[in-house]
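You will see chain A twice below: alongside chain B first, and alongside chain C after that.
And now, the complex of A and B:
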């Protein structure tokens, strides 16, 4: 029981801090939207091409800027705070789950806002009935990316150049999430089954959750 | 010295600690009983902070053996006793974006302690009028008081103070003194380190000197 109390408390405080800092809404999201704007300009505003590449650009920018959202803990985490949590008896696995929960909420908000911006700017031709599967893919990819960022933050805790190293870990491991997310819409457009891609996302999320919980304690001890 | 000695809060036997390939502590032997106030003086870089982190179970010894509150250092046993250790470090640990009260509520919830004690603790440390101030907008002394309030609530059996009196006014120093007294009255143990032996002399029942990673002299 204490595990979930601790996890929810950490998630709650994390969201409160984000509400006051506004890192995601005020910094990451505007930059991502500006990047969305740059692509059409670079393509000489060829509207046909722009509408075709919209979803692909969304996934590429969503993962790249989503990494910033996912790695915010690594940037803000102080050794003193980790020590305090340890001495308050916080289970490192509860901390991982709490941070993944709060990060997932922020990530989903970010990806949804970016998706709306992409639809408004690119007018993409989306396949019929895309909304439900698209949102599932978004949800699963967002959770996976957050777990990955939280895990990378733990792996690199206590290391010099932590943020850069964490990005190097997240980028290649996010490939299944990009493939799963983007291919869900592609499969809809080709009228083939989306199930394999959703299963890929679910399996990745579960594997990351298990790894994060199982490695939380050894990673915390090794970080000092 | 017998490592399994029952009743001691701290037992170290020939303990050594290396960090980043450099030996910080070597050949440490120490016994501290419940109710003791131990002071450790030493110059900057002598290993005082590392020793406190070792006693806080936050780092493990590279050589030798040690017990803290009955848990063997470097073993998973320490996870269960960490909640009974209070560490006051160089810098007070608060989340800057939260108010002092929110920081206290957060720590209290995580530790599974009673929320009703927060108001009392804030009053005792003299922060009841400033509890709504954010950590990032609070002075060093106020952050120390907030830390003292947290320790009043969690009431650790082992209180570790790292230069805890530096930069504090007389009232705040008296607050730390009250924490020490309270810990001792609860049959707890206090270990405090300082580069200034004057901060330790009146408070500690026993003062040791740490020099180049070795406990050298007993005053």
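And now, the complex of A and C:
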């Protein structure tokens, strides 16, 4: 099998496992939507403030719960499965790419659902023509967060406190993604160019993709 | 004297000289005595960047060579870097309270990005503590050490990239934006803090070597005690 065939096959297996387990749909997404309800209640339901903070709350929750999507149970290979991949001669870089692909699909679905919930619950004041640039930003931030989560998940594989530790690593490193995503809408509202923020997102995604592919083999050895 | 002790003595002497110059150099007209904090703040941050750069280099070298000394250097350098980042953040907050009127300002991307960098490397140290196996620890932290350095240019150039309260670089290729006496004091402190970093990191590497020696020493305490021979015992 060629590189991309391997990557696509791994992505397909991941998505099938996730369809059976349903971690993202049944646990992470409902919990994130409940968290959307908590903020207005904590602020005595001040409708003006609620509509102002909507996008910021979306990005904060998107990153925090997005980490749970990236570190979902289905993305945590047991040693036997890792050994099987190694024996089958699966390229570690293809494994990283495949896992990032499946994670990105789930992440985008999750972020879109969270965005719709935020719009419904917060009635935010969004700038005109936000949909296209907003979706670009969402797509790029989602891919970056998945790559970061995949890297952190591999680095902390098999450790007792994996989820907390991986989140501690991902959260600070995801800051360029939060800045890029949130500032895209801010720039639209201020009528300034959104290009620098989209470029920041693209650069972060590319840097993480290069790091993931370049470090795939040591990552595979580290996670055994 | 051991090498670490000699280095520490030189670093201590340079630090005393740097602090003397910091307290005797002229102050800024607007900032007054608080200008002197910058003689600790700026060198601390420079050394933090240096330490994290060394960590990334040592991490890549470990991934290539797999020799324990690179792992020891990476760990020691991160510990020094975290210490100097904390010093830089604290002195920056003290200066900010005095000059800006608030210790923490969200309008300053340098401050926020430095805090982020600090937590990334705390995560690195947490990862090391969470991994009991020595080789796994070295491998995992080498990967993180090589990736985490991406934060350093982001922190350094944040004042140029974003609207910021923070002043931009004071020492530039076209000259410095401060009087000569202040510049000399600042440069001596840069040198002193760099020496201090080298001394602390060397000492930490020596501690790591000693720790490994203890961890790999399989001899029992009882081996040091020889059983008495009957011929040597008189009252039997």
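The rule is short, and it goes like this: the second predicted complex is superposed on the first by the 215 of 224 C-alpha atoms of A that agree within 3 Å, B and C clash if a C-alpha of one lies under 4 Å from a C-alpha of the other, contacts with A are read in each partner's own complex, and residues count from 1 in each chain.
Everything that follows uses one rule, which is that contacts are C-beta pairs under 8 Å (C-beta built on N, C-alpha and C of every residue); 3 or more make two chains touch, one makes a residue touch a chain.
Bear in mind the structure is a predicted one, so any value in this text is a computation, not a measurement.
Of the two partner chains placed by superposition, only chain B is touched by A:84; chain C is not. Of the two partner chains placed by superposition, A:64 touches none, neither chain B nor chain C.
In the overlay built on the shared chain, the residue A:113 is in contact with neither chain B nor chain C. When the shared chain is aligned, chain B comes close enough to touch A:20, but chain C does not. By the touch criterion defined above, A:209 lies against neither chain B nor chain C after alignment on the C-alpha atoms of chain A.
In the superposition on chain A, A:53 makes contact with neither chain B nor chain C. Chain A residues in contact with chain B (one complex) as well as with chain C (other complex) are 221. Those residues of chain C whose C-beta lies close enough to touch chain A in the complex are 63, 113, 116-117, 119-120, 122-124, 126-127, 130-131, 136, 139-140, 142-144, 146-148, 150-151, 154. Against chain C, the residues of chain A that register as touching in their complex are 151, 155-156, 159-161, 165, 168-169, 171-173, 175-176, 207, 211, 215, 218-219, 221-222. Listed in rising order, the residues of chain A touching chain B in the complex are 2, 5-6, 9-10, 13, 16-17, 20-21, 78, 80-81, 83-90, 217, 221, 224.
Partner chain A is touched in their complex by these residues of chain B: 53, 56, 58-60, 79, 82-83, 85-87, 89, 91, 93, 95, 97-98, 102, 106-107, 109-112, 154.
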